[in-house]
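Reading through the structure tokens given below for one structure.
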Amino acid sequence: MPFVNIRITREGATREQKEQLIEGVTNLLVDVLGKNPKTTFVIIDEVETDNWGVGGESVTTLRART
Amino acid sequence: MPFVNIRITREGATREQKEQLIEGVTNLLVDVLGKNPKTTFVIIDEVETDNWGVGGESVTTLRART
Amino acid sequence: MPFVNIRITREGATREQKEQLIEGVTNLLVDVLGKNPKTTFVIIDEVETDNWGVGGESVTTLRART
Amino acid sequence: MPFVNIRITREGATREQKEQLIEGVTNLLVDVLGKNPKTTFVIIDEVETDNWGVGGESVTTLRART
Amino acid sequence: MPFVNIRITREGATREQKEQLIEGVTNLLVDVLGKNPKTTFVIIDEVETDNWGVGGESVTTLRART
Amino acid sequence: MPFVNIRITREGATREQKEQLIEGVTNLLVDVLGKNPKTTFVIIDEVETDNWGVGGESVTTLRART
């Protein structure tokens, strides 16, 4: 019964891509640890770029400069 | 000073229901562990059904099929 | 399929008390939101008092002073 | 490569304030632990006051009464 | 710069299996979303079975009965 | 009433350093957002290097090679 939380910046991930993440990480837990997929939960959090920082500045600022 | 994070799918929980969750889980921590309710925090995260996976597929897909 | 994460300081919660927390919070989600208990997950994290801060100091320091 | 998650109520934090939080907490990890800022991540979650509880009631209710 | 948190029960996952989880989930984020692996973080939390609940009881109790 | 979770690898942070992190991040929230320090919580999670991945490999492997 694993629980996986994936956090990415909100920059246009499609529903299909999110389905692929859910399916892929569930299969990974089945393959590596023999976990039951029926009780494997995955939650994807999409975070605004203003609210995600790396290197001491927000991703919004980082994207604007590069 | 417990901290509780409740994650549910975003499917119409009302403000009253969320108040009941907050009150109920706070009382539980008082009753079972003698915690001080004043410093008990509860955060409810409501997650889009596209972003919650179980059994290798999103809840959106699961709800559409069943 | 709710997911609940309860964080408390590691100060001697017994196995019975943890069972009561798990049962109580699961029942709460059934009662308030009609959730299925079979797919309700609860994870309790017990945190060392050195690693939990409130009011700008650790709980270890707070407990020593009061 | 520290990871910091700051959770606050959604009550009007500006982009500048969020930049200050990201910069400040990154500098703190550099100063105290000698961490590399380039691989220091900060995520700020802003939570609706209906969804944040303290003392057994939501912050919405608390703010309305006080 | 995704962040992934995998939570599993502490039931003997080996270092090799944890390496496979880290590599697999990082590759998944590269393949599906084109993310940079160098800034992809994965944290695995292993949780005692006393502290993980499903269906209103701990995994310790569940394992003992089945 | 902010809640801050700091996650670092378990590589010898002292109690004094953890006190400095708690004090520093609490002061930051007071200074930037005017938050009340008394209801500011900080939790530090120290994660084994086997369980923290970056660039598709564990920090244990990364440290051994560099």
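Think of it as A, B, C, D, E and F in the order they're written, each chain with its own count starting at 1.
FYI, contacts are C-beta pairs under 8 Å (C-beta built on N, C-alpha and C of every residue); 3 or more make two chains touch, one makes a residue touch a chain.
In UniProt terms the chains read A, B, C, D, E, F = Tautomerase.
Because the structure is a prediction, the values reported are computed rather than measured.
K.L.:
Which number of steps is the smallest that gets you from chain C over to chain D via touching chains?
P.N.:
Graph distance in the chain contact network comes out at 2.
K.L.:
Where among A-D, A-C or D-F does the A-B interface show up again, with more than half of the contact pairs the same?
P.N.:
A-D
K.L.:
Please state the rotation angle, between 0 and 180 degrees and to the nearest 5, that superposes the Cα atoms of chain A on chain D.
P.N.:
In degrees, rounded to 5: 120.
K.L.:
Give the label of the chain whose average Cα location is farthest from that of chain D.
P.N.:
E
K.L.:
Is the contact between copies chain D and chain F built from the same residues on both sides or from different ones, judged by whether over half of the numbers are shared?
P.N.:
Comparing the two copies, chain D and chain F contact each other through largely the same residue numbers, since over half are shared.
K.L.:
Could you find the chain whose CA centre sits the greatest distance from that of chain A?
P.N.:
The chain lying farthest from chain A is C.
K.L.:
Provide the C-alpha centroid distance between chain E and chain F, rounded to the nearest whole angstrom.
P.N.:
20
K.L.:
So how far apart, in whole Å, are chain D and chain E when each is placed at the average of its C-alpha atoms?
P.N.:
25
K.L.:
Residue numbers in chain E touching 2 or more other chains?
P.N.:
1, 3, 7, 21, 25, 39, 41, 43, 52, 54
K.L.:
Which pairs of chains touch each other in this structure?
P.N.:
Pairwise, the chains that meet the contact rule are A-B, A-C, A-D, A-E, B-C, B-D, B-F, C-E, C-F, D-E, D-F, E-F.
K.L.:
Would you tell me which residues of chain A are touching chain B in their complex?
P.N.:
Residue list for chain A touching chain B: 15, 18-19, 21-23, 25-27, 37-46.
K.L.:
Contact residues on chain A for chain E in the complex?
P.N.:
For this pair, the touching residues of chain A are 1-9, 13, 17, 20-21, 24-25, 28-29, 31-33, 35, 39, 52, 54, 59.
K.L.:
Would you mind writing out the residues of chain B in touch with chain A in their complex?
P.N.:
7, 47, 50-58, 60-61
K.L.:
State the interface residues of chain D toward chain E in the complex, per the touch definition above.
P.N.:
1, 3, 39, 41, 43
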